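Read from first to last, the chains carry the letters A, B, C and D; within each, the first residue is number 1.
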Amino acid sequence: MRRIGVFICWCGTNIANTVNIEGVTEAAGKMPSVIYADNYKYMCSEIGQSMIKEAIIKEKLDRVVVAACSPRMHELTFFKTAAAAGLNPYLVEIANIREHCSWVHKDKQEATGKAIALIRTAVAKAARNKELWATQIPVECRALVIGGGIGGIQAALDIADAGFEVDLVERTPSIGGRMAQLDKTFPTLDCSACILTPKMVEVASHHNITLYTFSEVEKVDGFVGNFEATIRKKARSIDLEKCTGCGICWEKCPSRVKSEFDEALVMRKAVYVPFPQAVPNVPVIDRASCRRFTREKCGICRKACPAGAVNYDQEDEVLQKKYGAIVVATGFDILDLDDFGEFSYGKHPDVLTSLEFERLVNSSGPTGGRLLRPSDQSPPKNVVFIQCVGSRDKSRGKPYCSKICCMYSAKHAILLREKYPEAQAYVFYIDIRTAGKDFEEFHRRAVEEYGALYLKGSVGKVFPDGDKLLVKGVDSLSGHAVEIEADMVVLAAAIKAKSDAPQLARLLGISTDTHSFFTEAHPKLRPVEAHTAGIFLAGACQGPKDIPETVSQASGAAAKAIILLSKDNLLSNPCVSEVNESLCTGCLSCIKVCPYGAVAEKTIEEKIHGKALKRRVAEVNEALCQGCGSCTVSCRPGAVNLKGFTNEQIMAEVDAICL
Amino acid sequence: MKQLSEILKEVAFGSLSSGEAEMVIGWQKGPFWWQSFPAFITDPGGTGSLIWDPFSVSNLSKYLLKEVPEKKIALFLKGCDALGFNQMLRDGRVDREKVLLFGIPCDGLVDPARVEAAGLSKGLLQVKKEQEELIFYYKKGQRKAPARDFYYAKCLSCRYPNPVIYDQMLGEAVPCQPVERFADVSKLETTPLEERFSYWSRHFSRCIRCFACRNVCPACSCRECIFDLAEPRWLGKANELSETQFYHITRAYHVAGRCVDCGECARICPVGIPLAELNRKFIKDINELYGEYDAGADLDKEAPLLTFKTDDPDVSSGS
Amino acid sequence: MRFSYYPGCTLKTTAAVLENSALKAARALGIELLEQEEWQCCGAVFPLTVDEIAPFLSSVRSLAAAKDTGEKLVTLCAACHHVLKRANHVMKTDKDVCNKANNYLQLPDQYRGGTEVIHYLELLRDELGFSALAQKVKKPLTGQKIAAFYGCLLLRPPAVMQFDNAENPSIMEDFLRTLGATAVDYPYRTECCGVYLSVQNEEIVAGMVEKIINSALRHGAEAIVDACPLCHYNLLELQQKTTHGKLTLPVYYFTELLEEALGLEDRAEEKMAI
Amino acid sequence: MKITTQSLCGTMVKEIAAISGENVAKCYQCGKCTAACPVNMAMDILPHQVLRFLQLGLVEAVLNCNTIWICASCFTCAGRCPRGVDLPGVMEALRAILLRKRGFSRFKAGDMPRVLNKGMPEQGIVSGFRKYTK
């Protein structure tokens, strides 16, 4: 016979106003195995907790049920209370009579009945609760940061400054990411490169950071505190140690391909450094376009290199490394505009995306910052900026707001006037969103000081007309359809998740939303953590973000990683699945449904009819298991049980409600 | 051309006498015309009693769960049996290396009830099948009738008359001419909810909890069925209709996505509960929701209810 | 290759040229188009109201009849194509309308959108294939600069019509290039010609046609082709109206060019002379 | 102008929703429809304003405008609308109310010979007839 104590909380008036506390206490006292029932105004307070402790000791309680608010709120509080009185915390059960009862019901009599049923359920389960013990898992004190844009850079620097080793893996030949492509940054008009480059250099020189550029994470195994990653360092074909970055190789290289960094507005060579401030400032040979590799001829760069750094035989290097925490900062892409033919993007060279415009105004860009029309290299006089191209568009684009376009378009309008005082910017917008520090002021400056004409409305179609672009739109405030003869049209194309984000999510065992952005563990309270423990998110890979927001989130993610790495050991959650081998039939359905890869196959030997037989069964890795319970519902013979939520306990709860 | 039943005896004899198999599971005739029982033969001399006739309906592979072989067990598989065998293979309940499979093409088996209903059973001694016809033997004389008229309903909708897995195929493949198998389910789906509930309640109220439906099922291959567990006790001992319903619905859920539609549960039921209809409703739903899937037909194809994909878009948790 | 074929009223009268040339070309290409028996007028416009089913019914009859033959249903007139394709989409996706239509029509078999409706151009592109068509060209239209005019009905609404990229289509240009002609790209090729507004507001349509014709001319077109009798009427008649009788840009049905390239008939010389 | 709960959800507003199957609240007034409309120059109320008036419950204003008769159902707006609003359907609903309930007819039998004489194709005549007459 168990000795169960039930403690009913009033939660001030939150519960007491809707639930008859005295009635519930009396009913609880009569439930099977309940030998003690009491109530108090605030069970979570010092006095309330003392009541529980005293009763555990005095009444020799071996199980405790607290009927109060959601376990999310105070389960840990009452676990500690029980532990302080010498009771294993997992012998405590919470009946949620606030969120599940008093807050959602009005009728006192009915709510009281429901509260009693919820307590009866908790009592039935508590009677079957067993002592559970957390185990200790050692932590590998090193972090992996995936993505070398401003988010990854910031996270890496913060973790490294805290004294932990960091490996920063970047897919392209240089770190810097999108921010390196930008000219100025809003709302201060700082030169993007000027504030980014020092950070890039700091990453390269930091004694705690190992930089892997032109590298990709191929595989991640393990779990929080003990990840094991496989990193492929793609062959650069250039010896990092020998190269001095003199530039002779790319001067001499005869192959030309479109530059990714310059948004394909100009050509680069097959051996190249993506941009002058690249870190490391060492070229790579793009084997897909290099004549040496495509046609087995050429070899000019090797001949020309004074340092003998060119090595065509270099091979990919595959590394296995262990990490305690992972920060994902893989950034974003721009929406493909194939479905938006009305803007003539791709059909007319003077219709650009904002990122292309950014390159054209950038002093390190294709026009040396002079901003010339791609069609005829002339300065544009009338530039039409179109907002929300694919953003807030559930039909052809993305339903969400891309968040940064309002601000960068205001910036572009300002930069246009600064380059050409005679030029006129027109901005078609649906709504202006400037909810950031100094953002609204910046936008107003674009209008009032820089004379940008904002038109609330959309553009129906851009008609290329000779060397002009006839823009047909509407100014909805005046109620007139308008036509503007433009020299250049700039489209604020929507931000989207990286096209391979779902693959990375699968590799890491984290989840994505319907738009393939990585999902955070809680939209408000855990915004920098992924659902999988030990993996943190920074920047636009989690949703559209500007630079200040990305940097803040990166520092937040870094802080979370530091908290994790600064522990020698982690306490495991004891509510994990276990396999009853005698019931397990070895169908391994549990392996297929486990989102965390926590179940594996193993072979056991047993005697049947006097013969030793080998048989396959499932086995749970307790460190990987997150206690989601998917395996238990897939298990037909009921061989897999989630500790703390066993089939037996849940059946007892169902019976307590139904019978 | 040799009769299939002769070939069957030969291969059984061969595999036992060569030592390739230590046991052959086949069928042998019982005292009555409609009885063809499973036979477990370890002595090559005993293979003469093996038969293949229109009543060899039992799926022999289910016995593999009970027999723990040291050497191989040889057994005979019809098309439907092969699907069941494959499903047991997928569930990890049989060892492919430990079985020798002889495939038998089968265009249908005879339902004794139909013979009886046609008034042909009185004084009947033996039934043989020749081409498309059945020959009914009596003390005096014989009668003939088209075989298809006497087939089990489940055979008429069979889509896999030829085994999809075997080591050796006995006889020529037979053509497949299935009738629509979801007609009954579709009809039931259109009846009002209360009517459907009373339809099933009526059937389940007859259940005597013999668990034959479970025991015969190739998808029910657990070492210990949850309904046999003492703790937790999923099924109360008292004969309550609601509990019986719970058993049948749980059984259907447990075989969902794994049921090979062999129809054995319904055939074996001593009180005539149309259990296959319940299974087919699940099959139909799965086909509609996840695309066509035939359990047991293709081991490489992903099972729809046992696939977790991290690239499935999750619905974000909201606020 | 055998298909059910739905002509529509206009093809039997004012747009007989379109049908005759299309059928002739089909025969030459070995495509069998079986005209549906007892077809009825599609209604010319797709009913945009969702509270009545009567306007759908004649389309559903034709769709159901095609399903009985098991063949794809080929259309030629852009309006008929639009109406049949959309009606079919409704039958496929709107259970309520579908049930009502079936109840009303009392067809021997329920119709639930099983027929595939394809336009003659889609037939050439997807069933025959432009490369196969190219091999049958006997008299390539080499050197002829021709502007394609798509109009609205084949392209929009894109989600239902699924004809081509609605904002940047290429099927007609690909068709022209297959025949050996030079396809002229111009920004007005997917604009609206004014459709039935010419019944009452001719001046509006004239203005729209003028923009289309001028744009095509400025981009070097020597002729314009279309696939819709009403586009054809507007482009031809209202062009003449704005230019006071002088036709600056000849207008053809795409099938007329097909017929010529297959060596079946020359475009009437006098027509060129206008 | 006074806006009240009654005017916002009047029976006419509901009727338009029922006939068109469209929810005008989906529109966020970006103006894409107007910007895309090839006949906007001939309209007295612009397409996005039609939706705005309906959002405000001002049904009579849009029933009395020429816009609904100028709309050519070319579907350019619907094809580009970021919210997926079927504006041609709304226009048709407004026409339907006038044609069905108020005995309105823009195309009369007497107009027929004039149109026929022009060589107008049947497709055009039937279309016009269907759009302008009950």
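Worth pointing out:
Rule of thumb we're sticking to: contacts are C-beta pairs under 8 Å (C-beta built on N, C-alpha and C of every residue); 3 or more make two chains touch, one makes a residue touch a chain.
Please read these numbers as outputs of a predicted model, since none were measured by experiment.
Steps from chain B to chain D, minimised over paths through touching chains, total 2. By number of C-beta pairs in contact, the leading pair of chains is C-D.
Centroid to centroid, with C-alpha atoms defining each point, chain A and chain C lie 49 Å apart. Once the centre of each chain is set as its mean CA position, chain B and chain C turn out to be 56 Å apart. Mean C-alpha positions place chain A and chain D at a centre distance of 45 Å. Multi-chain contact residues of chain A (touching two or more other chains) are listed as 342, 395, 461. Shared contact sites, meaning residues of chain D that touch two or more other chains, fall at 41, 76, 80.
Of all residues in chain B, none touches two or more other chains. Chain pairs recorded as touching, per the definition above, are A-B, A-C, A-D, C-D.
Interface residues of chain A, counted against chain D in their complex, comprise 342, 388, 392-397, 430-431, 456-461, 472-476, 479, 481.
Per the touch definition, chain C reaches chain D in the complex via residues 8-10, 13-15, 41, 43-45, 47-51, 55, 77, 79, 152, 155-158, 166-167, 191-192, 194-201, 204, 207-208, 228-230, 232-233, 237. On the chain D side of its complex with chain A, the touching residues are 28-32, 34-37, 40-41, 46, 48-49, 76, 80-84. On chain B, the positions that touch chain A within their shared complex are 68, 70, 90-93, 221-226, 229, 231-234, 254, 303, 306-308, 310-311, 313-319. By the touch rule above, chain A contacts chain B in their complex via residues 502-503, 505-506, 509-514, 516, 519, 522-524, 582-589, 592-595, 608-609, 611, 613, 616, 630, 634, 636-638, 647-648, 651-652.
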